[in-house]
Every structure is written in C-alpha cells, then in structure tokens.
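Down below are the structures I want you to see.
After this come two complexes, each holding subunit A, first together with subunit B and then together with subunit C.
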Partner chain A sequence: MQGKASPAAKIFLMTIIFILYAPIFYLVFYSFNSGGSMSGFEGFTLDWYRELLGDTRLLIIVLNTLVIALLSALFATMIGTFGAIGIHALKRSKNSILGLNSVLIVSPDVIIGASFLILFTIAGIRLGFYSVLLSHIAFSIPIVVLMVLPKLAEMNPSLIDAAKDLGASRWHVFTKVIFPYITPGIFAGFFMALTYSLDDFAVTFFVTGNGFSTLSVEIYSMARQGISLHINALSTILFLFTILLVGIYYVISQRSGLKLGGFRR
Partner chain B sequence: MGNKFMRNVYMVPYMVWVLLFVIAPILLVLYYSFFDIHGNFSFINYERFFTPVYLKLTLSSFWYAFLITFISLLVAYPTAYLLTKTKHKRLWLLLIIVPSWVNLLLKAYAFIGIFGAYGAANNFLEWIGIGSRQLLFTDFSFVFVTVYIFIPFMILPIFNALNSLNPALLDAANDLGASKSTTFRRVIFPLTLDGVKTGCQVVFIPALSLFMITRLIAGNRVITLGTAIEQHFLVTQDWGMGSTIAVFLILIMFLIIWLTGFRKRGA
Partner chain C sequence: MRNASIIQFRHVTKQFNDETVVLDDVSFEIEGGKFYTLLGPSGCGKTTILRLIAGFIEPSEGEIFFNGKKINQVPANKRQVNTVFQDYALFPHLNVFENVAFGLRIKKMKKTAIEEKVSEALSFVNLQGYEYREISEMSGGQRQRVAIARAIVNEPKIILLDEPLSALDLKLRTQMQYELRELQRRLGITFIFVTHDQEEALAMSDEIFVLNKGKIQQSGTPIDIYDEPINRFVADFIGESNIIKGKMIEDFLVEIAGKPFVCVDGGMNPNEPVEIVIRPEDLEIRPEGEGKLSVTVISQLFRGVHYEAHCRDLEGNVWLVHTTKKIQVGDKLGLDFNPEDIHVMRFDESEEDFDRRIEQYTEDESLGK
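Entry: the complex of A and B
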C-alpha cells in the first residue's frame, strides 16, 4: 500500500496527531503556571517541581513503583520464559494452555482486580507490597510467554538435534543453544512486563491496602480531589521518562525484529 | 521418564500460576456470586441483576461502549488508511502510539482542566460565539475522553491489516475497472476486517469496564459495569453482588471474543 499522501490527507493526520498530543502538552504547559490552576496562565514558576521533588512521601511511592515494576518483571520473565519453553514442547494440550494463557490478557482490569482481591483475602495474604507484587507478576506472565513463543517457533529444531548429536547435555542445550536464540524475545517480554507494571492502575487499586501505594494509585487519589499543579509537574517528568522508554523500546524492537504493539491496558 | 520429568519441572511455576491466578480467581468470583451481603448462600444477587435497575445499567453501559467503539472506528480507519500512504509510515505510527504510553489517569486528568468551567474548551466555545457550557461531568465528556484514550489501540490493528494488504490486489481491481469506492467496499475493507474486529475487541471490553474515567470525568452521571463492580467491592463491600456483575462481564467478554474471533492483542 505505498502511495502518495494528498495535502488533505496530511492535514487530517496532523489534526489527529495534534488532538492526541494537545492534552499532554496542556498539562506540561500549566505545570509552569504560578496561578495554581489549569486556566489563565499567570506567570512562569518552577515551584510545583520544587515542591514535588521535596515531597518525601511521593519519592517513596515512586521508589515503591519502581521496585514493584523491576521485581515483577524479573519474576514474570523467569516464569514466563520457562513456561513458554514448556508450552513449545507440548503437543496435544498446547492450544488449551494457550487459551488459559490469554485469559488475563483479555480480561478487563476490574475483573482481575476484584478476583485477586478475593483470592488474597481467602489466602490470608495481607494487602500491601506482597499482594501488589504477586498481582503484577501474575498479569505480566502471559505477555512474556507471548513474546518468547514466536522466537521458539522460528528456531530450527535441527539446531537442538545437532547439539544433542554432538554430545551436549540438556543443560548445555538450554544455555548454549535455546537461551541465546530466544534472548531478544525474553528482553522484549521483560520490557513489556515492566511497562505493564508501571502503567497499571485498576488491578493495583483493588489489591493495595492502606499503607502501600503506587504512582498510578496516588495520581488517581490526587486527581479525585481536583486540580493540583503538582500532578502537572509530575506528568511532565513522566512524559519525558516515557519518551526515554519509547526510545529504548524502539531500539529493542528494531534489533529483535519483533513486531511489537504499543499495547497497554 | 527422566526427560519427561525434567520437562515438567521447569514448567511447574508456570502451571502453578495458571492454577492460582487464572483458574482459581474465575472460580472464586463464580463462588462469591452465590452469597448475599451477610454471607448466606442464595440466588438473591442473580434475582437483583434481573431487576430494572441493573438491566438498565447493563444496557446503558453497552450503549456507551458501542458508541465509543463506533466513533473510535470512524476516526481510526481513515487515519490508519492514510498512515499506510505516508512515506515514513513506521515513524508516523510511532507518533500515534506514543500518547498511548502516557498514563491513562494523567490524560483523563488533563481533561478535567480542558473541560473545566474556565478551561481551554470553554474558551474556544466563547471565542467562536457559542458561549461556555457545562462540559465536565456530562456523558459527552465521558465519550470524548474515552474515545481519545482508545483511538491508538484501534488504529494499530487496522494499520497492521492495511499494511499487509497485497498491493497487487488493488492493481487488479483497478485493471478490472472497479471504481475507488468499489475497490474499498469489495477488496480493501473485507481484507482488513480482521484488523477491525481486533480493534473493536480491544476497545469494547475496556469501554465496558473502565471505572476510573467515569469517576474522574463523568462524576456519577455515567455508571458502567466496571464502575458498578468497583462500587460493590470497594465502597459498599457487597462482594456477592459485585461478583455477580463480574460473572456477567466475563460472559460478555467471552461472547465478544467469540464474535470477533480470538487474536492476541496487537496481532
């Protein structure tokens, strides 16, 4: 579908892109407003950023969010990668396992959140850090599996046969043949898990107790109280961080040759 | 035997995950739906679900989700189509996708400012002479913000479908004398239907269930199935009723996936 874009087409595309970015830049713009509201720009100030960076409670929440994201992505990647290798070797029950695998991907967040809340309550796990961590691991596993499976599928099975014929042990087949081959898929999975975790609000909102909070939950409770330019300042920082992540993501997807959707919940 | 055992050993954590976090939660939701607010076994929740209050809620939730999906499709299809015509389509696509990476709550929050009494939208309305309106906490703002948030998710699968279309088919249609609109109706659209279906699936299900946008943007003007579940679980503590609505939402989800054909997200 290569062709030429007419001027009208370009204007249409520019309009869509303008609409998509306008709210984000609106937030960024007013984060420098000394007036304290998102209407009527009174004067330039960096006060909101200063107050934000001086807020220790918020810094702890940011730290919590990062720790949860890194740990959950790490565990999800390990479990998911071995799961994918297992699924790949399956013959008869492959499709039903894949069906189960995708349940958490298509399920609405409210359902995941509510059902995990019941699960943790019944299991007697106190709501807080561990319940949030477990939930994030749980909803990140299927995406890791989906990222690793295609890499396994495109691997030539004779590679493994060759390794075995040449006397490699099962362990060596795994570490020297399979693992290097699927590494791009594993990295892509890890990265997806990381972004899923950083972005999640609804599931965390259900399973977080009183004492523990992540950034999304904090933004929600701040936003429910109305406009506060601290949120604007925060969104500028997060937007810059997102751009950075997109850059990394882009490089990874270019390198691994995986077609990645920019899909978030 | 040894080999089989080894194969199963490293799959153990994954299978435990399937049991604990996929199968058990669904069964637990189903189990809880049979208990009333005092913890007694009953079918009261199902009886309540079929009263006008909940049926109306379900219908209006469906209506909003349908509206949101339809408008997203109307905007996304031409956008995706034009994207495939651009020179650096991957770059353009990336530009469209980046906003979907920004936290959804921040985008919803931006609209509290934009649609506010003295916000940009009202300034614009004043300027073109319509005069300021109450925009926040209306169904309009809810639909607008939700469409805004979901558009990239609708564009991506349609773009992928259009992009993998064989150009020879278009040449063939052209050579055989088909007009542009006929080519679109009989060739392009049918061949990209799968992308459209995937897009509708990834928009419709969240549109039924997102509760934070309704809470932030629509006040209590719009109650979706998701809002109702959140309300029952976290506010009124009536887990039984919440689970019952969740059971129906799960059924609807399977129905939609069955209708649109299962495809992994982003495929």
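Entry: the complex of A and C
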C-alpha cells in the first residue's frame, strides 16, 4: 500500500462524490415537500409516500419489478455459473468466448433491447411478463459469468485431482469442491444480476407490452406526463432499496473475502 | 513367478498432444511395503509417472498393472492409491478434520467410524488437537502432515508423494525425512516418493529409480546406485564424482591418466574405451611423490566438514578431492585410492547388460580365487 492520499486528492474525491450524489439528494429532499413542485420547499410532508402506498397499481408494479429481479437473477445465476464452469474448462476457444461475453456487457442497452424486441416479435412471444423475464435473464448471464470465472481461475486445479484421488465422482467433485469454492463469486453474480435487473430501463422499455410495467419504466412514463413529486418519492424508495442491496452484497463479500484472504498463502 | 509386485509398468510411453515424448518405453515393477523414490532432474517425467499410477492420465502406449490387473482405463476415484500433492492441495474451505475425513465421507462411512479413523490418522502424523483448525492457520510442515493424514486415512495400498518436502526449510525437511521413513515402516504401505534431491533419495529409500529425459537410467538400492552408477548421468547426478576417460586394458586392469591401475571391474572388451568414476571422498591426499597420481592444487573451498579441492594431474584431468587436511593452492601432492574405489562404466550400456555383466564377472572373480 502507498502512503495516505494528499489533502488535495481527498478534496477532489469528495467534490466528485458530492457532484454525483447531489442530484439524488436534491430529489430525495423534495420528496418531502408539501408544495407541489421542486421549485421551493414549503414544508415537510409524507403525503407523497402515503399516496404511493395507497396506489395499488403502483404496488403491483413494485411487486412485478421485484419478482422479475429475483427470478431473472436466480436463473441467470444458475445458467451463468454452469456457463462459467464450461468456459473455464475450455482451452482454445476460451478467449473468444470471453470476448463475446464482454461484448454483451458493454453493448448499449438500446441495441440489446431492440434486438430482443425483434427476436420476440419473430418468435411470436407475447410482450409482457415473460418477455421481460427472458430478456433480463439473458442480459444478466454475462454478468454472472464474469463474476464466477475469476473464482474458478483462482482455484488450484490440483484440488480437483485431490478430490478424485480421494474417491470423489464428478458430481462429488462439483458439490464438495468446486461449488463451495466459487460460492462467493456466485453470490456476487446473483446480487449484480439483481441490481442490473432492478435498474434496467432501456431493455425493459423495449420488450414490455401493454399492462406490464416495472418501476423504472413507470417512473419514466410518470415523468413524461408532467412533474409530480410522486416520482421523487418512488425514486427515493428505489434508491434506498438499491443501497440496501449494495449493503448486503458488501457484507457477504466482506465475510467470504476474509475467509478467502486466508486461503491464499 | 514373482507375484509380489503391486504396480507394474510394461513399455509405458506417454506423450501429450502428439508432441514430445515425456515417458519413453518405461518398464518397472514396484513391490508391496517398500519405500521407492523416483529421482531425476526437473522435467524428466517423475510427476507424469505418479499421475499415471494415480489415474489422472492414461498412457499413450503400454500397460499398467495393479496387483496383476490391467488398470489403464480405471479412473482415479476407483484406484486404491492416494496422493500427497506437491502443493498439498488441501481443501481451503474445509478445516483439518474435514480435509482428512473427505475420502471417508465419500465412502459414506458411519460418523463414529469417521471420527475414530480421522483422530487415529491425525495422531499418526502428530497432529492431535488440530482437528478444528482452518488450513490457513497451519504452517507449511503441518499442512504437509494434514496432506499425509488425508492420504493414509483411506488405507490405500500405495501412497504417492510428489516432492512433498521441497517447500520446507532445510531443518524441517530433514526432520520430515525421518518422520516419513518411520511412518512408512509403521504403516507398511508402499510409498512412491518423488524428489530431485539426491541426498533425500539416498537417505530415505529402499529402492531408487533414477530418471532422465523420460527414461529410467538405473534402479537399485541407494548403495548400489551410489557405488555402481551405470553411466555418466547417474554418476554425476547422484553425489559428487570424478568422471575421467580411461581404457579397459583387460579384466581388473584399467588405464587412467596414462597409467595402469588394478580395479575390480571386468567383463569388457580388451582395450575398450571407458569412463571411470572415483568419488571425491575416496581420494586420499599424500605428500608429493607418494600415492598413485601426482597433482597440483588449483582451487580450494572450505565446506565446513571438509575442504573441497580441485587438483590437476599431469595429463590435465581435474580431480575433485574432499579432505580434512589443510592444503594450499599451488601445492604439489600425491593422490591415493584403492582398487575397489575405481568404478568403471562402459559407454551406452543398458541396465540389463550392466546387471548381467556385473553378475558374470563377480562369479568369475569368485571362481578365480
């Protein structure tokens, strides 16, 4: 480790973080404004939240969002984990497949969304819950792969030989050695997939149909109809939830990170 | 016939991806209950032999037998062989107890039996009380013992050890050499031990296989191999030696540095060019004019127990001498040695020919007396 950062560097960092977070705090702040707009703070109120909670349509959308996030993260984690194991076992084509994987991650959501829309239309899949779920699973898989692969690469290959040597079948090698070893990566992948799904606007916007909506799409359409502090309240809730997820992820990776730190000699 | 062999290699060849041949027509037999060592320089194929025995890889050609049954295709998890890996390969997510219990759990043994066996195995390697330690909390030597316990707890017929001591410091290493040897005697299990350290091999083994470039150069007891190396490679690799060109005038008479000397080797053609080996500790320093060779000291090094000196004879051959006497660079001295200290090696002699010849001339010798 190098010495402490200079005061100038610290101030720079604080400024950047402040600039990044300021709009969010501004938005959160006005979600408690009793005046109807973001132009002047008139007084504290929880009315906007109360109204949100009374809005069953919105509650259903929240539920949809959560269900999509959880299910897509779950499937993506399963598929991505096995995918990563498969890719790890490859020798020659490994790098090209990894390249394809990264391309999926960095390519613009709009393009991915549009291509899913074309795909679903051609395949005759009705736009709605399933189309959203499928596309979320699809764009989460590369993320999971990317989180699990480093763990596999870090694993000493002689552990697998050792397990076989001690009588383990392929299945036992997987359940007793590989899986426990890469669990932190799997969790990291799961939470990443969860946040990606919760966040996603562009892809969902393309592939969702009439009558099905997720929070980010809903916030977008509310914003288009005109400024209302409902948006602020809803965004605040979403923001807090994301922070909660990041917190959980942090705790998990810390815990396994400590143990992992011990692994390395 | 001899049926005590537990592992047998018959003309085993191994090459990876049709590239270089890593093992070239290797044949040998391993008997039950002994301590074997595979000795050779880096890359000579030692680990490959162990991996073939363990079942991680299959031979490209040839056959491997276990207790008389061919096991070429038997997978690793079905063989009664356990390995102590070079890097120990302990499971980092399991504690000491669970590491040792791994094989037993796979066999679905009863809980009480597992506890009993694990604690027995741990006490065998002097690790009682460490059951619930994490692997990361164990020292290098302790990890090594856990790896051994994890192997012996399964009561295999053979334990393969791939340079298990190379990561330890000198002192711990010497101690572990004793412990391993002692452990092998107590268990009576066949140990196949890999090392590139010739001293370790000489100290520990019942039998040594010296390997080079995918071929077994020589096999035999440590004393046989040390005293009667078959060729230049073995003589050079095992211990320190003076290897000098010579000529076998007739049986029991060899020409070295232009002079004839009585020796104990025979069975070669008259006037055959040969190489002779004399170990540095067999050379004795005498005053100038005495002894069998006249030499000049060209360098000297203090080695603790002895001085190590390089001396040049009149023919230009350089002799390495170990002596406890103090000598000076530039001294003119005599070197003396006994007939039985001379070991004669033919060029390109196979191990079978070597053994046959040795058998023959020792018979001739006893007849002649």
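Throughout what follows, the second predicted complex is superposed on the first by the 240 of 265 C-alpha atoms of A that agree within 3 Å, B and C clash if a C-alpha of one lies under 4 Å from a C-alpha of the other, contacts with A are read in each partner's own complex, and residues count from 1 in each chain.
Criterion: a contact is a pair of C-beta atoms (placed from the backbone, for glycine too) under 8 Å apart; a residue touches a chain by one contact, two chains touch by 3 or more.
Note that the structure is a prediction, hence the values are computed from the model and not measured.
With both complexes brought onto subunit A, simultaneous placement of subunit B and subunit C is permitted, the two fitting side by side without a clash. Using C-alpha centres, the superposed arrangement gives subunit A a vertex angle toward subunit B and subunit C of 100 degrees, stated as a multiple of 10. Shared-chain residue A:Ser102: touches subunit B; no touch with subunit C. When both complexes are overlaid on chain A, the residue A:Ala138 reaches subunit B alone and has no touch with subunit C. In the superposition on chain A, A:Phe206 makes contact with subunit B only, not with subunit C. Between subunit B and subunit C, the partner in contact with more residues of subunit A is B. By the touch criterion stated above, A:Gly83 is placed in contact with subunit B alone, subunit C being left untouched. Once the two complexes are overlaid on the shared chain, A:Gly35 sits clear of subunit B and of subunit C alike. Using the contact criterion defined above for the overlaid structures, shared-chain residue A:Ser115 touches subunit B, although it does not reach subunit C. When the two complexes are laid on top of each other via chain A, the two nearest Cα atoms from subunit B and subunit C are 11 angstrom apart.
When both complexes are aligned on chain A by C-alpha atoms, subunit A residues 259, 262-263, 265 touch subunit B in the first and subunit C in the second. In the complex of the two chains, the subunit A residues touching subunit B come out as 1-5, 9, 12-13, 16-17, 19-21, 23-24, 26-27, 30, 37-40, 78-80, 82-83, 85-87, 89, 97, 100-119, 122, 138, 141, 145-146, 170, 195, 199, 201-202, 205-206, 215-216, 219-220, 223-224, 226-227, 231, 234-235, 238-239, 242-243, 245-246, 250, 259-265. On the side of subunit B, the complex with subunit A involves touching residues 3, 6-8, 10-11, 13-15, 17-18, 20-26, 28-29, 32, 75, 78-79, 82-87, 92, 94-114, 116, 118-120, 123, 148, 151-153, 156-157, 160, 162-163, 165, 167, 170, 201-202, 205-206, 208-212, 215-216, 226, 229-230, 233-234, 239, 242-243, 246, 249-250, 253, 257, 262, 264-267.
Contact residues on subunit C toward subunit A in their complex (touch as defined above): 54-56, 75-78, 81-83, 85-87, 89-93, 102-103, 106-107, 134-137, 150, 154. The part of subunit A that touches subunit C in the complex is made up of residues 156, 158-159, 161-169, 172, 176-177, 180-181, 259, 262-263, 265.
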